[in-house]
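Across the two complexes that follow, chain A remains constant while its partner is chain B and subsequently chain C.
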Partner chain A sequence: MTLETFVSLSSILTGYAESTLKPGADTQKLSELYFNVLNKEVAAQTISQLNTVFLGLSNPDEATVKTQIVKDSILGPIAKNIIQMWYSGIWYNLNDKPDESYVVSSIAYKNGLVWSTIYAHPMGYSEETFGYWNTAPNTNITTN
Partner chain B sequence: MKPNRTYYPHVLLTSLLLLFCLTSCDNKQAKKEETEPIDPPIVLKDSIVLSPHLPFDVTIVGNDMETTVRRSFDTFSWESFIALNWSEDSSQLIGVDGDNATIWETWKNSGDVFLEDGVKPTPWGAPNQIPPSCSSNDGKFLVMVGKTPDILNELELPFKTGPLIDQNGNYSRFEILMNQEMFEYIDDNQLYSFDGQQAFNKAAEFPEGSKQTKEWGAIMVKGAWKVMGENDDPSKFHTVEAIVYTPAQENPKISESCFKATVGLVGLHIGTKTKISPQWIWSTFEQVDNVPTFGEAKDKAHYNYFNANASDRQINEAPVRPWNPNIPDQIPTQVERLTPIDSGTAALNAEYQQKLRSVNPKSVWQYYELVGTQWPVTPTDLPLGNPFPPFLGNATLETYIQGIIKGDKVELVPNVSTSCMHCHNGATMISNGKPADFTFLLERAQ
Partner chain C sequence: MNNSEKKYDVVIVGGGWAGATIAKKLGQAGKKVLVMEAGDPLKSNSRERYMDTFYHAMAKVPSSPYPQNFNAPRPSVLDIAPIPKTPVETPNDPIPDIEKDGYFIEKGPMPFGSTNERIAGGTSWHWLGTSLRFVPNDFKLQSEYKIGVDWPMTYDDLSPYYDEAEYFIGVAGARDQQEGIHGITFTEGYNYPMQPIPPTVLDQAFSKALKGVKFGENELRVTGTPAGRNGPSNKHWKTKKPYSNGRRLCQGNTNCTPICPIQAKYDATITLSEAMNTGNVDVMARSVAYEVMMDESTKKINGIKYKQYETRKGPETGSGIATGTTYVVAAHAIEAAKLFLMSTSQMPEGIANSSGHMGKNLMDHPMLLSWGLMPENTYPFRGPLSTSGIETVKDGAYREERAAFRIEIGNEGWNWPTGAPYSDLTNAMKDDIIGVELIEKLQRDLPRQFRIGFLIEQDPDEKCFIVPSKTKTDNLGIPRPEINYSFTKYTMDGFEKAREATELIFEKLGATDCTVTKEKEIEDNPMFNPTKFYHNDQWYYSFGAGHIMGTHRMGDDPETSVTNADLKSWDHDNLYIVGCGSFPTGATSNPTLTMLAITLKAADALIKDLDS
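Presenting the complex of A and B:
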């Protein structure tokens, strides 16, 4: 699987545009970070299978990805982990061992998609100016 | 004293360039003198221009963030550095006599803006206010010890900051100055006082530099200096005769002191607000012999803030308290750079240093390097605009917050390790908590 394919798949899984997940001016390099985690945590054979199935979709959209990948007994847990990694910055252990789940990095923690989705910021980290809570949240968020 | 003028053949090129520059260059003097004739930039050989003309804004070439765009902002930084370190006499090439007095050192010192009881500051161009206890009233007035004010009695530091002690056991000294545009905004809106800020009662919004209007925006400059001493080669520093002043303090007990010394410039921040980068452009320079980079060769015989024979000293650890600059021969700080200078930036540094050498092989300005430039990549994404690079620090001005050393690796943590924009985004006015537009200076109002 290439990074570009990973980003395409991630876009459908998360609902965020590829240009959001991997912007042209990519200061955070999250896609590379998460792609490396995927390759470290999942067997190459499984990733290859995921790649084959995804690239084999004639019309890769939310419905087909849900049917062919998310509901697959082998690929489904991987896809769900990719979603959770993008949204929370956490890689969850695939064998239900919570102690082996981990925050990918501090960059991942502060950039979890969950925060922009709910118009909030992670605990202990905010880029807003002092007193921002006294004004209406910025709802100008692009997902697609 | 004005240096003797020396003529170089390169200067003759200026007349040939006059027509070109009248139509295409941002050719105003760094000092605000609208009625003065427009000078052309001085082109020496290739594409790099040494010019006394401070750029209004960045000119972005290409769209690759890590190469061409970075180079565009780094070029802006170097052009600013050159213009600000040019002498008041713009016809004199920078460093033509080795060293020269600079424009930025004539700007308004922050200590002369935020006065006791919120008194209105003296007008632009008025001389520095010297403490009565200092008998001499010439030279520079360096009152601060540490990057943040009152560092010696501040017990709740926002970061693990502290004094920086050079290899001769002397405290380094710091100062913050602002250009006329920034000063006038503060002065006109009475933001120099607590009461003035309360009456203002909205977020500060300093003027932006613009190529369209050919106006400069707010610029603030932060200088770090060391007292020149044993093993320091003054031919490699911009030096000035300074009045080094330490105000009296009670806790810890520190006596007022004032002495005159030759000090050398070791670090320089330039913060510039522009139309393209309303979150400001953050440029930072250092003297080339300051520190080695973590994990790289330590092959220089002398560093200003590192001793290869003192491996027992913790790297980037602030001195133990109490902090008192009056004690002689203190243990030097052991400093290493934790974020290496980008290879493209280093290449541009080499080009500018070569250009400065071509003016005069003994130019002190060739011994300075751009550590990096941070800018907002997507400035409309408020408030920060996606800063890049994510981390940037000056070894003399963010010594202790560069990052965390873990074994042979460096860990950089957002909002903890140094990032100009992340940090300055938290700046507010002292009276009402309104955003201060990326400057902590407004917190000094009384």
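Presenting the complex of A and C:
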């Protein structure tokens, strides 16, 4: 699987545009970070299978990715883990060993998509100013 | 490091809140002070390192930024487990492992829910910041309601020390919101050092919905919570100059507990540094006190034995006896009592324990959490963890019958009871929800999440106590605390009323109640199950508030208290024992501000002692 394919797949899985996940000026390099974790944690053969199935989809959208990948007993848990990395920065152990789940890095934690999705900021990482909480947030968020 | 050659006026055990405060006051008064800190020292990059540990922690609990130290271990809420029904010990029982099973030896019947830190700065690293005063009747529970005991002081006695403590911390608050609540008064002309922290969108929805609503005799009035976090400054009420503590305004990191990333929230590391800057205070870290010694003829304390180490898992590297003219033990409620009860070589019942009350009357503010969904978005995970509460239900004739409570409004959705937003993500994954559908689901649910917490009064009870374990020790061979804990009917009746108040409040808010209350669901949840109890046909479970109180209480009578109102030991006239352990009763307000007020009062008495 190439990084480019990983970003395409991630976009459909997360609901966010490729340009959000891998912006032009990519200072955080999250896609590289998560792609590396994937390659470290999952057997090459399985990633190759994921690659083949994804690239073989004639119309790769949310519905087909869901039926062909997310609901697959082998590829599903991996796809969900990719979503979890993007949303919370966590890699969940795939073999029911919760003690071996981990936060990928502090950059991953601070960039978890779940926070901006719910109009908030990661707990412990706010870039806002005093009193911002007194009024409702801007709820315009661009998604796929 | 051996400081035995240097002559100290005062030796203080504990470099946390109370210890740092006394050290600073003494240092400013020109007294020579040695602070012994059991845990790691303060370093210039401590916060940065703790933040990194926090970011990497899977469970972001109060202790998560602070690594376990096997030579000065601390408890964690992750270690709370059910207590076996018949805890019969046999010599062949495996010794509970600190890493795997936790530091406390829990004897039950209920596990103790609260934790403290053992590092320079102490538990102030992870306090919430709430700086509420007690109400006048909190000081006279026995004479007003025939419950517990009275404090050896009144609200009016403590009022000037509250003023001092609020400036010591740097509290943002509104006098006009607090004044009059159950008889709270302020010194004429007094104002808080900083303007109040603005309410969140959720707070505003509460204020609107609960306007004019009563619970029993009491109004459910929502007020901004005075807090030790920086807001815009006021003019100092005495000097009329703008107040400034040189730290940043709160950025609303929603992370006061376990750690404020920018130190907009006061913590005792500030005071400890200021104490050291007086030039009169030495801090000796990684030095664990294990026995208090006395002169057999005068009964004066004449030394404190300690052990030292260099790394958190490493061996003992030194030992010594710290000596001074006067001694202060400020090691937090559990470690302080443990230290005296371990000091049996000269006094079989322990030093400073002629009353037999050392280690007894352990109290917390057991919390009942209620959570639900608001009818409209109120946007949690924005702002400080809590900015408003309901303080107008904390006192009334009902206290003859059942425990009081205050109500804290949380700004962190369901993070505490369910682990949101992580749990919401995990649940969505189980349901194969992805992509834009996932975004829509998260946006539908999470912005409406909220929780309230009832901090329930716990009356002092002989069944709640700590003793040093006879068989189980830490890495230095120092006994670990053994805790016996349960709730009285008085406290459990408070839980029942908290559920009743939940129903009323949620109805007025138009909120959907999502609180777990069914036996099966409680049992299946590892966070709820250990503390579950059945009372008057309902199931409950509780959370620790982190407010550990009562274990060396002050009083007017040497037979029923450990210290006098100046926190001086009845038994040894050069020994002060300070901290939340000094509280005769815990009432309902978060204890830090009151603890600081009595500590400042004790510091005045101690300086007078040294000068006479």
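Keep in mind that, in the parts below, the second predicted complex is superposed on the first by the 144 of 144 C-alpha atoms of A that agree within 3 Å, B and C clash if a C-alpha of one lies under 4 Å from a C-alpha of the other, contacts with A are read in each partner's own complex, and residues count from 1 in each chain.
Keep in mind that, in the parts below, contacts are C-beta pairs under 8 Å (C-beta built on N, C-alpha and C of every residue); 3 or more make two chains touch, one makes a residue touch a chain.
Worth saying up front: this structure is predicted, and the values here are computed from it rather than measured.
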* Using the superposition on chain A described above, determine whether A:Asn59 touches chain B (first), chain C (second), both, or neither. => neither
* **Which superposed partner A:Val70 touches (first chain B, second chain C, both, neither)** => second
* Please indicate which partner A:Tyr87 is in contact with in the superposed arrangement: first for chain B, second for chain C, both, or neither. => second
* To do: Mind working out whether A:Ile12 is in touch with chain B, chain C, both or neither, as first, second, both or neither?
  => second
* **Which of chain B and chain C A:Tyr125 touches, first, second, both or neither** => both
* Partner touching more residues of chain A, whether chain B or chain C -> C
* Kindly classify A:Asp26 by the partners it touches after superposition: chain B alone (first), chain C alone (second), both, or neither? => first
* **First, second, both or neither for A:Gln45, with chain B first and chain C second** => neither
* Does the superposition put A:Asn95 against chain B (first), chain C (second), both, or neither? -> neither
* To do: Touching chain B in one complex and chain C in the other: list those residues of chain A.
  => 106, 110, 125, 127-131
* **Of chain A, residues touching chain B in the complex** => 23-28, 106-107, 110, 125, 127-131, 138
* Asked: Touching chain C in the complex: which residues of chain A?
  -> 12-16, 62, 65-66, 70-71, 76, 79-80, 83-84, 87-88, 90, 101-103, 105-106, 109-110, 114-115, 117-121, 123-137, 141, 143-144
* **Residues on chain C engaged by chain A in the complex (per definition of touch)** => 51-52, 54-58, 60, 198-201, 231-232, 249-255, 259, 261, 377, 379-384, 387, 411-412, 415, 421-422, 424-426, 429, 432, 434-439, 442-443, 446-447
* To do: Write out the stretch or stretches of chain B touching chain A in their complex.
  => 63, 65, 69, 203, 377-378, 382-384, 386-390, 413-415, 422, 425-426, 428, 433-435
